[in-house]
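Okay, got some structures for you below.
Two complexes follow with chain A in common, the first pairing it with chain B and the second with chain C.
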Partner chain A sequence: MLPLPSENRKVSPFFVFYLIVAAQFGLGVFSFQREIVKFVGNDAWIAVIIAGISIHVVLWMVYQILNKGANDITVIHKDLFGPWLGGLFSLALIVYLLTLAVSVVRSYIELIQVWIFPQLETWYMALILLALVYVYIIGGFRIIVGICFLSFIFTTPIFFIMLGFPLRHMQASHLFPIFDHSVAELLTATKTMSYSLTGFETIFFFYTFIKDAPKSQKWGHYGTAFSTISYLVIMIVSLMYFSKNQLLESVWPTLTIWQIADFTFLERFEFLGLSFWLFSVLNSVCLFTWAGTRGLKQLYSLKQKHSLIAILVMTAVAAVFLKTREQIDQLSSVMDALSLYVMYAYIPFIFFYQMIKGKLRRTS
Partner chain B sequence: MKKYLFWCIFFLILLFYNSIETKILEDIQHVSAIGYDYVDKHRMKGTAAAPFYPAGINVEPLDAFFTAEGHTFLDILQKQQLESQRKLVTGRLQNFLISKELAKHGVSELTDPLGRSTEIGRDVYMAVVDGSVEELLTFKYTNAPTSAEYLSDFMERNLKDIIPKPTVHVFLDQYNGFVQDPFLPIIEKKHDHIRYKGLALFKNDRYVGELSDKESYLFKLLYERTKTGTDQFSMKNKKYIALQNIRSKVKYKVSGSQDEPRIDVHVSFLGEVKDAPSISVGEGTLKEMEQEWSKGTTQRAEKMMKKFKELKVDPLGITEKARSHFRNFDKKAWEERYPTVPVTFHMKIRITNTGISNKS
Partner chain C sequence: MLKTDSAFHNSELAKLLEACEESADFLSFGLQDSPFFIAYFKTLVKSEIIHHEVLACFQAKKPSTLEEIKAILPIEEVSITDDMTDIQNKLMTGNLIIFKKEGNWNCLVVPVPSVEKRQVATPETEYTVAGPKEAFVESLDTNLNLVRKRLPIPELLVKELMVGKLSKTRIAVVYVKGIADPENVNTVIQRINGIEYDEIADTSFLSQMIADNKNSPFPQLIDTERPDRLAAVLAEGKIGIFSEGSPTAISGPVSLITYFAAFEDYLSIWNVASAFRLLRLFAVLFSILATSSYVAILTYHYEMIPRDVLSLLITSRGTIPFPPFLEAILLELAIELLREAGARLPTKIGQTIGIVGGIVLGTAAVQAGLTSNVLLIVVATGALASFTTPIYQVSSVIRLIRFPFILFAQLLGLVGVAVCFALLISHLLKLTSLGRPFLEPVFPLRVEDFKDSIIRMPFNKQALRPLQIRAQNRQRFQQEALPKKDWDIDD
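And then the complex of A and B:
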């Protein structure tokens, strides 16, 4: 167990907003619509709202766990389950976050290969991306917060400005009739939606780096609300812009929406937008990888630099080995299922376990 | 030392990696319009207009056309490539033409790459050509430097006032859509101009019928809110009056049950008298004009609706309106019922002014 970070390595509570948005608002905005629309059609936006609310509840639990433990998750695990089982839990969480990073890296490279450069080789792009990730992470947590903030400044305005172009083609009637699907269908869709909002679990690791950490909870909620609203807006726009069948056919509906934009100086906006999304990818990969290496340092006193190099090499190798769309989709769907367990089973479990254990301690 | 070595190798790789195919503006030729004619059941003839810009300052673009026969979009492009001086790219494609003959045989094979390829934008304008596409594209028009430029100006700046915007996105959306049949403008080469002829109606991906240019203006009124165009009608005494459209709105109301649906179409039209020769325009005549217009337009709309029902096409998207109204919408049953669904038109008009003259 390491000492808590000193004051000069911490960041102000409101930065939690950007960190949460960075983790949740990434590549998901391009492609999340299809899986949800498959189940609930025109009611997809309801699933987004339900998922958003459920994430708020989970986030609240996360803060309760951390506020009680007053340290990061590896220490809390150790307190609750002892060094062996606790270590195992921590390791599982770390592996989960690192796999998320692999999934993000590979999806982004695939996106570039399909949209811009079909000849681009995976290893080359992975090399550039991960070299950048290395440079940022080695700079420490505050640098990562900086890149999250910058990425927010660069990507979100583009995202919202681009919503203006499809307006002319939108049909409100696509949204009706509301509630045309059963509750079971809605819940299935909600499950798929939650995957897009995953990533906030990194807070388990950077909690100790926040000044006055319990006060940052409201910023965490603001961040989640912001991501949920972004997803909600793009979902409603896609539903109104596409007919259902076409939405099901599009692999990246948001980019297809961007294809309609026509500036006088730029015929095809999606290429520019896709390049800007590098920031968004970079910050989530940085955040996940940083959380992973930080966890390893807590567990095994590994020097962060060494574990970082090893992990980045492993990420690159994994990315190169995922060759086809099916494999990438498979990884996504595995992560999809895993994230469900992490968010709706594991976090509540820790929450209640800690509560019960606390009560037992007090009575005895 | 190890660190420097790593970064040196890293930058060397960055510098000398060249597996990406570059497309430098000076080395490529942009296809700005592309059109297809019917040859036989499996083959079609594609004509690509790719104006060539010679080097130098203030040079006029040269008209360049490449024609080839083949089975698919890419197959034809590859054959056209055999003739062109530079690499043909479709990134700035602006117009996509289909001959009427080809449209009658189905266009789904042709439009698939429009939805699949990232090299073609979604705001490409589409049209059906009455007659030969090759002739329309390769003709040397006197009113524009290149035929492709004339065509794209015509489609983008002019046609948008006459009919709903016919972009690839709209076409694919309607064609793939659950609930509406696509339509495209028909253009033709008349003497030495391109002329708008009417609206082609599609059932799935096949051309099945068309509306005339006059009908298609009414169609626009029934399809979306508009701010342009003039409408002419005759009074009882065979005097003709032209109305300028200020704005019009349209609203569909679905009522009844799914087994016995009713559709009411409410159009409200705000107009201005632009042309009323030898008619005194006063309080009484304005009312009369309004009534005449409503009556005449309702009749024309009913006639048009009858045509749609006979052809079993739904370009107005009435099915979509019904779907958004009824829960558990049964599409199959609706399709069978569509020709019998009563559609009533309610035309409301208000003439705001009679221009700057008040002749009585």
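And then the complex of A and C:
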């Protein structure tokens, strides 16, 4: 168990907002529509709301676990399950986050390959991207918070301005009839939507880096609310702009929306937007990778600067091995399922286990 | 006029006074109610001091001997002497003499010099945007003051020498004892003492006279007008030389690379400074080689040029009636003419000449079909590049050595350029500055000295003085301990 980080390494509680948004509001915004519309059609926006609410509940549990443990998740695991089983749990969580990082890196490279440079070699882009990630992570957690904060400022205004362009072409009638789908269908869609909102589990690792960490909970909820509302806005715009069949056909509907933006001095806005989205990708990859290396340091006293290089190399290799669209999709659906278990099974399990164990201790 | 005793009339003092009286600005008169006489050059003394201090003390105290006057005069460094050469020298450097016409003709020598000098102003040729804005002036004492206040240590020694039969120029050799190599100091002092010349007007005279190779176009001692630069150089263990009446100091030993180091390099952060220093070095190489390569390639090796560029050159050169060599020489001469005319004229007219010559002549020459505009660009860029060197004298050298390169290019093409370059290198290899190799650290190869040559490393890497100077004490400061290796992220 490492000593808690010193005060000068910590960040103010309100930065949790940007960290949560950074983790949740990433590449998902481009492509999440289709999978949800597949199940519930025009009611997709309801699924977004339900998913958002459920994530709030999960986040609340996360904070309860951390506030009780008053340390990061590896220590809490050890307390609850002992070094062996606890270590196994921690390792699983770390692997999950690092796989998320791989998935984000590969998806972004794929986006660039499809939209900007069809000839681009995966390894080439992965090398550049991960070198950039290395530069950030080597600076420590505060630097990562910095990029999360700045990328929020860079990317979100552009994003919402771009959503204003299809206003003229939108059809409110696309949304009706409301509640046209069964509860089972809605829940299936909610399940898919949750994947887009995953990533906030990194808080298990950076909790100790927050000043007055329990007080940061409201910022965490604000962050989740912001992401949920953003997804909701995108979903409603997409539903009103596209017909259902169009949405089912297009892989990246948000980019298609960007395409209709037409300035006198600029056409094909999505080239600019995609390039700028690098920041968004950078901060989620940084966050996941940092959390992974931090966890490894807690578990095995590995120096972060060494494990970081190993993990970045592994990420690059994994990204290169994912060659086709199908493979990338496959990874996505695996992560989709995994995130579901992490959020709706694993976190509540820990929550209740900790609660019961605490009560037992008190009574005995 | 002097009332003369016969005895006094025959004395040496009287002969001296007589000789001096041939000049209109020499004054010599007796005092009222007093046996004393006063003599001085009125153009060399401050008359207020004579009126307020010297004459006033005669009126108030009525002294009767020279010793009494010496005791009551409120002026230091007053002496009594009968050494005629001394008296003559003192008279010529702004002293007045007081004497009696009876007795032993001793003189009281009172220093009342009036020194005309310029105010300390901003440097003109080595101007930097950041950093100190003081420059040396024509007064040796002011210059030494400017250096001393930057190095307020007793180890900063000033050795004063006198050179020039007529000019009697005061030369100051400045160095930091314990750092500067005594061998270098001796070399400098010996060479200055060996100078046989009547009138020394500037340190650049000295620089030429004590140079190791007097026929090389490269100056072997660097001249600067910046006291901060000189102080920095002294702290490195180099030796500075001043002369009375010169607003520049020279210093050595130097290496070729020093000429491309601007003082601004030390004022900006090391990586920025290094980038600009590299740019300057590149500019020099470009300046030397651009025109000659143009001549060589267009005369002999047009196969080298890619087809697209070739067509551009053909359209540009198609109507030019001269071979590239003549064309290049013409343009180079024109640019040199412009520069020379600009340098000789007052600033305002110089600017006009620049515009008329540069723009009007350049355009007209191209339109008239006398030169190609490609060559115009090459030559103008080359001239511009030569001006990036911070030391003015070197920029003229660089422009000058372009001409042999062009000649060789015409004779043997690119092989000729290589031959000329080899000649240049052989000359630089032989060159020394105060006996130290001029091409250091490239040859002899001293990797350590690269820390302040082609690039400038950060200050914390400059703990040792350069090997080339052979400083007695190489340690500039205690180097900080290296950072610990076992740090980690967020520790």
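The working rule: the second predicted complex is superposed on the first by the 364 of 364 C-alpha atoms of A that agree within 3 Å, B and C clash if a C-alpha of one lies under 4 Å from a C-alpha of the other, contacts with A are read in each partner's own complex, and residues count from 1 in each chain.
The criterion applied here is as follows: a contact is a pair of C-beta atoms (placed from the backbone, for glycine too) under 8 Å apart; a residue touches a chain by one contact, two chains touch by 3 or more.
Because the structure is a prediction, the values reported are computed rather than measured.
The superposition on chain A brings chain B alongside chain C with room for both. Of the two partners, chain B and chain C, it is B that touches more residues of chain A. Of the two partner chains placed by superposition, A:Lys357 touches none, neither chain B nor chain C. Legend: residue contacts after superposition of the two complexes on their common chain; A:Ile137 is shown touching chain C, with no touch to chain B.
When the two complexes are overlaid on their common chain A, residue A:Arg294 makes contact with chain C while staying clear of chain B. Using the contact criterion defined above for the overlaid structures, shared-chain residue A:His56 touches neither chain B nor chain C, since it reaches no partner. The superposition places the C-alpha centres of chain B and chain C at an angle of 90 degrees about the C-alpha centre of chain A, rounded in steps of 10.
In the superposition on chain A, contact of A:Gln304 is made with chain C only, not with chain B. In the superposition on chain A, contact is made by A:Thr256 with chain B only, not with chain C. By the document's definition of touching, of the two partners only chain B reaches A:Asn245; chain C does not. By the touch criterion stated above, A:Val114 is placed in contact with chain B alone, chain C being left untouched.
Of all Cα pairs spanning chain B and chain C in the superposition, the closest are 13 Å apart. Residue overlap on chain A between its contacts with chain B in one complex and with chain C in the other: absent.
The residues of chain A lying in touch with chain B in their complex are 114-117, 119-121, 124, 127-128, 131, 168-169, 171, 173-177, 180, 242-246, 249, 256, 259-260, 262, 267-268, 270. Chain A makes touch with chain C in their complex at residues 5, 9, 137-141, 209, 290, 293-294, 297, 303-305, 308. Remark: chain C residues 486-490 touch chain A in the complex. Residues 10, 13-14, 17, 19-21, 91-92, 115, 118, 121-123, 165, 167, 169-170, 172-174, 176-180, 320-321, 323-328 of chain B are the ones touching chain A in the complex.
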